[in-house]
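What follows is subunit A paired twice: with subunit B in the first complex and subunit C in the second.
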Partner chain A sequence: MSRPQAVTRRSAKSEYIETDTGNKISRRARIEGKQNIMLAGKSVVMAGAILRGDLHRKSDRPAEGGEKGGPITAINIGRASVISTDCTIRPPMRMSRGQMTFYPMRIGDNVFIGTGTHVSALSISSHVHVGANCVLSPFCVVKESCKILPDTVVPPHMVIPPGSVVAGRPARVIGEVGEGWGQGGGGEGEEYVEGGDLRALVRSIK
Partner chain B sequence: MASRPAPAPKRPSQLPASKPPCNTHPSAIIADKAQITGAHAVEIGENAVIHPWARIRAEGGKVSIGKNSMVYEGATVGTVDGGDVLIGDYVNIETGAVVEAKSVGDGSTVEVNAVIGKGAVLGKWCRVAPLERVEAGEELEDFTVVYGDGQRRVDKTTKEHAEVRELKKVGQEKVVQAMRTLTPNAMAKWAG
Partner chain C sequence: MAATFPYTHYACPCSNLTTPAPTSISAKRASLIPVDAPEDSTFNPHDPRANYSLSPLDRLLFCDECEEIRCQRCYGEEIIHCPTCLFEVPSSGVRSDGNRRSSSGEEVEETYILQCHYCDWSSLDIGVHFSKPTKITEQLAKQRKSRVSSRSPAAGAQPLSHDETFANLATFYKEQLSESGDPQNPYSNSPYSSPNNLARIMSLYGGLSVNALKKTREKPQPMREARGAKEGMLMCSFEDKAANDALLQSMQTLDWANTTTTGQRLSAPANNDARLVDALWPVATRLRTRKCRRCRFCPQYLSYPDPKLKVGNLRYKIRVLALNHIPRLSIRSLQTSCPLPNPAFCLHAADLQQRQPDIQPHITRQYILTIRNPILEPIRITLATPTTTPGRVASRVTILCPSFTVGPAGDVWDEALSSSTTSMATIAPGNGGRQAAMESLTGRGADESLDRQPEAGKVWERTKNSTSVVLEIVPGALKSLPGIVPKSETELEEEELEEGDDVLEVPIYVRAEWEVSEEHDDAGDRKGGKRIVEADGNVKKELAFWCVLGVGRIGEGG
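Up next is the complex of A and B:
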């Protein structure tokens, strides 16, 4: 993760730490393994969110001359994504070649994850809106521009096709997002639109 | 106006006021940020894993966690006023689950954000799906699956095939092994 800016002594303690790439991370967010978490820029992690970057794939390969091949990214979050309060983001794990391994998780740009959601998906593509209190079980895959209604439980390994509206326990595709998904909004001072450009929302979060 | 003093250097995290008497097996893994509170005894079995921010509340009674069991982050085990909680072996209590049951049988899984009421009794190899609730005092037979908004059914595959149970046990042991390499053990903080 990029380094936080130096805070002047006189400034009051704000809720969010802002990094030089514009990410805003709440002081009350609970982050494990922060060196394995990549936030692309202008993303927000709110209070109480739990990010498990410590659960990463452990490479079995013996060290080549003591040199590790670069940092392992456990969680990859795109630009202008918002992770609301009390969410849990943990990489999915499964048995592979006789060992339990964790797979790296990718979250796209402009993804809004509602409060209290548990995300263990393998990947979430861009412009997805996930409602509050959802559960995205390990290895599910959410494609672009989807909408996941609140209180949905997405079963493991489910692939949600692009542009679908998903709800229920277990989650079922109940419709499609319209043509205008994500259009409009995103301008200064306007209400943000689901699936749209979340940069204005990120800017307004203090 | 007096100028503000320099911000104090980060203090090491302080133990909560009431650290319960813990009896932890030396091979158990307890993360540094796990929260164990309460006055009653806490017993953690062999190879058990307690993730960061898991909460074990031994306030209403003692809490005992069996072998190879895992309590994931954000889960809460233990009652505030209700009595002992006994978690069996090979049990998985997933993220955000709230377990106040009197006992959870071996091999059971309580999935994400499920709620198990006070005094409930879960049999062996049960499975409670995410966001489900088991009411207080309810008893679940062995091999019950609680799913989809309160429905119950019996997990015949696990019931009838002993090798499925063995495989599940082996799988759980592997998970514990993987956790061991990834989580730095802060057991010293909670021991004794």
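Up next is the complex of A and C:
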């Protein structure tokens, strides 16, 4: 990796917009429907990522006066999660009774999503590490502390049990994560550990 | 073997490679040549058996009582509570789908099928559908039974099905066991300990009926194997030519993808004979269990997950991880100023293609070895490594400072407070005007830190709970230089590189010593007062293990 150039105070616009809660969103990320996307804090959305917050469930009750019930969240992302470059996050949809309905997608804390993956999962729990160029098909469910190796294709409606290592096309559970998975990283000077605290990684992304 | 360099693997003391067998056992075995103490015998990471004792840090647990590392083979597993089910879906990628209603609309006949969303197989392909979406395994079993029984009368004298054969065999073996088996059991409750005694006493007093006496006098038959289909033997015959021919014919016409793999055949007893994919029967997914781990040598729990199944996260009641108890080593090259990006955390597509460059042989390289101390006391570390790495390719390794101390790990608060101060040392200079100004004030410029030369006997860098020293490595060449004398066949064979020989791995023996004050020494208390208490009330503790550092791959170009 090349050394970062010295940035002076009066530089051009930086790559990332930082929000009050510490989220870093790249200016080159393509985000639709940003009012329907919740980022819990200290999460990163990198360049080229596509977040489709405009695909959300239409409210069934149009004329309720002021009781719309608040904004409909299409995508919920937890703390310290990293969505790498060129990912696509699209809420899963299902055709039922002739109508297309979208379901809200929930991504947990400390989730690392590798570059170029397509995520349409119904939910991804915390401490999950997803490799590069994966495909998580609509309505799959990834439980906590899983590791999804690069280039896997998770078929629709698959439930990945907690603590499993998953690979292949179609994805199969090939093992379990170690006992100490997710522990021990993120301290000063230490390497980032898969499934561990990603706050240090978030801080280092500039 | 990790695919990415650099890595660190720790050796568990369970194997003979790391710890010699205790002398009591080795004295009994004539074949076992007594091995010297571990300090004298080197751990060879290229040994084919070494793979079984090395593990990365996240797979290791630590036993408090024995104060040893425990690897996956050393912690026995117990299944403590009920299996957890996969919440709704019976098997991966296959789900129960669909209501089919009759077109007339009067009768609503709901049927369900299994369907795979990945390859579009559905149970209609084998003609199976279900009347209700629950208890699929039961419905499958019923349909299977009816299918098998409807097939067998048609074909005449069919061999018994798998389940029946298994049942027959099981009853046969049980009978054999009871017939030939232990005479001890009936006598264990009586005051007469041996059967001879009992027989003698009984013969004195008139004894049992004739039959019982005969039975006890008969020599027990040795256990025999099953002899017919009734007893559970499955015979394969070559007489059924027609079926075999038909099978061969279909295997010729259909392609490879339509024949079953061994894995598919072994997935269920129902599938053991299936040779073609369309003869396979759906199998329910195995349920998963939560395992608790205990040390093999002392019955101490090392990892005990919370029995509450519906808890969202995997919570543990007890979890003793190695990385919280042993000093952790990591290595990086001196030339790169910041740690290499971890390939698992590739953020950009371009980084994916980047292969780590090969190490050139015969060029001295310097590496920084960092030891991190997770425990609350300062430890004294002694490192040892053989001068040349064992294995096919010999590289020379020198540790510039083999003996040093590492500070204690503080509490979480200490770390958080001090991280702001120590991070100053690692930020690359020139980032912002303020940083450069600070450095010019303190006189430490960017150039000075780069020009630091590693010195023998001196520690490279010291932070609160970690110390770094420098390792000098001269990688060996993969092929020896061509000599004047042409090599014989055997020598050429010996020089063939096997897989993994070009990986530069350095075995290091790490010994950590520290002192614990007496009241904090819980493990010593439990062991029962055999420890030696120093004059100032401290107990000396020591931990030693082998560790293998994977540095990189050696390239050609010697």
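In this section, the second predicted complex is superposed on the first by the 188 of 206 C-alpha atoms of A that agree within 3 Å, B and C clash if a C-alpha of one lies under 4 Å from a C-alpha of the other, contacts with A are read in each partner's own complex, and residues count from 1 in each chain.
The definition used in the following text is that a contact is a pair of C-beta atoms (placed from the backbone, for glycine too) under 8 Å apart; a residue touches a chain by one contact, two chains touch by 3 or more.
From a predicted model like this one, the values you see are computed outputs, not experimental measurements.
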- Task: Could you check whether subunit B and subunit C clash or fit when both are placed on subunit A?
- Result: fit
- Message: Let me test your reading of the model: by the given contact rule, A:93 touches which partner, first (subunit B), second (subunit C), both or neither?
- Response: first
- Query: In the superposed arrangement, which partner chain does A:76 touch: subunit B (first), subunit C (second), both, or neither?
  - Reply: neither
- Given the touch rule stated above, what does A:177 touch, subunit B (first), subunit C (second), both, or neither? second
- Once the structures are superposed on A, label A:30 by its partner contacts, choosing first (subunit B), second (subunit C), both or neither. first
- Would you sort A:21 into first (subunit B), second (subunit C), both or neither based on which partner it touches? neither
- Task: Have a look at where A:126 lands relative to subunit B and subunit C in the superposition and call it first, second, both or neither.
- Result: second
- Item | Touched subunit A residues, subunit B compared with subunit C | C
- Is A:137 touching the first partner subunit B, the second partner subunit C, both, or neither of them? both
- What is the minimum C-alpha distance, in Å, between subunit B and subunit C after the two complexes are superposed on chain A? 7
- On subunit A, the footprints of subunit B and subunit C overlap at residues 9, 116, 133, 137, 153, 170
- Task: Give every residue of subunit A touching subunit C within the complex, in rising order.
- Result: 1, 3-4, 6-9, 46, 82, 84-86, 112, 114-116, 125-126, 129, 131-133, 137, 141, 144-145, 153, 155-159, 161-163, 170-173, 177-181, 183-184, 187-194, 201, 205
- Under the touch definition given earlier, write down the residues of subunit A that touch subunit B in their complex. 9-10, 30, 32, 50, 52, 54-56, 58, 88, 90, 93, 95, 98-102, 116, 118, 120, 133, 135, 137, 151, 153, 169-170
- Note on the structure: subunit C residues touching subunit A in their complex are 56-61, 84, 86-89, 92-93, 95, 116-119, 288, 293, 303, 312-314, 319, 321-324, 328, 330, 337-339, 341-342, 344-349, 352, 370, 372, 415, 419, 422-423, 426, 428, 430-433, 463, 466
- Message: Looking at the complex, which residues from subunit B come into contact with subunit A?
- Response: 4, 6-7, 33, 52-53, 73-74, 95-96, 111-113, 129-131, 147-149, 171, 174-175, 177-178, 181-183
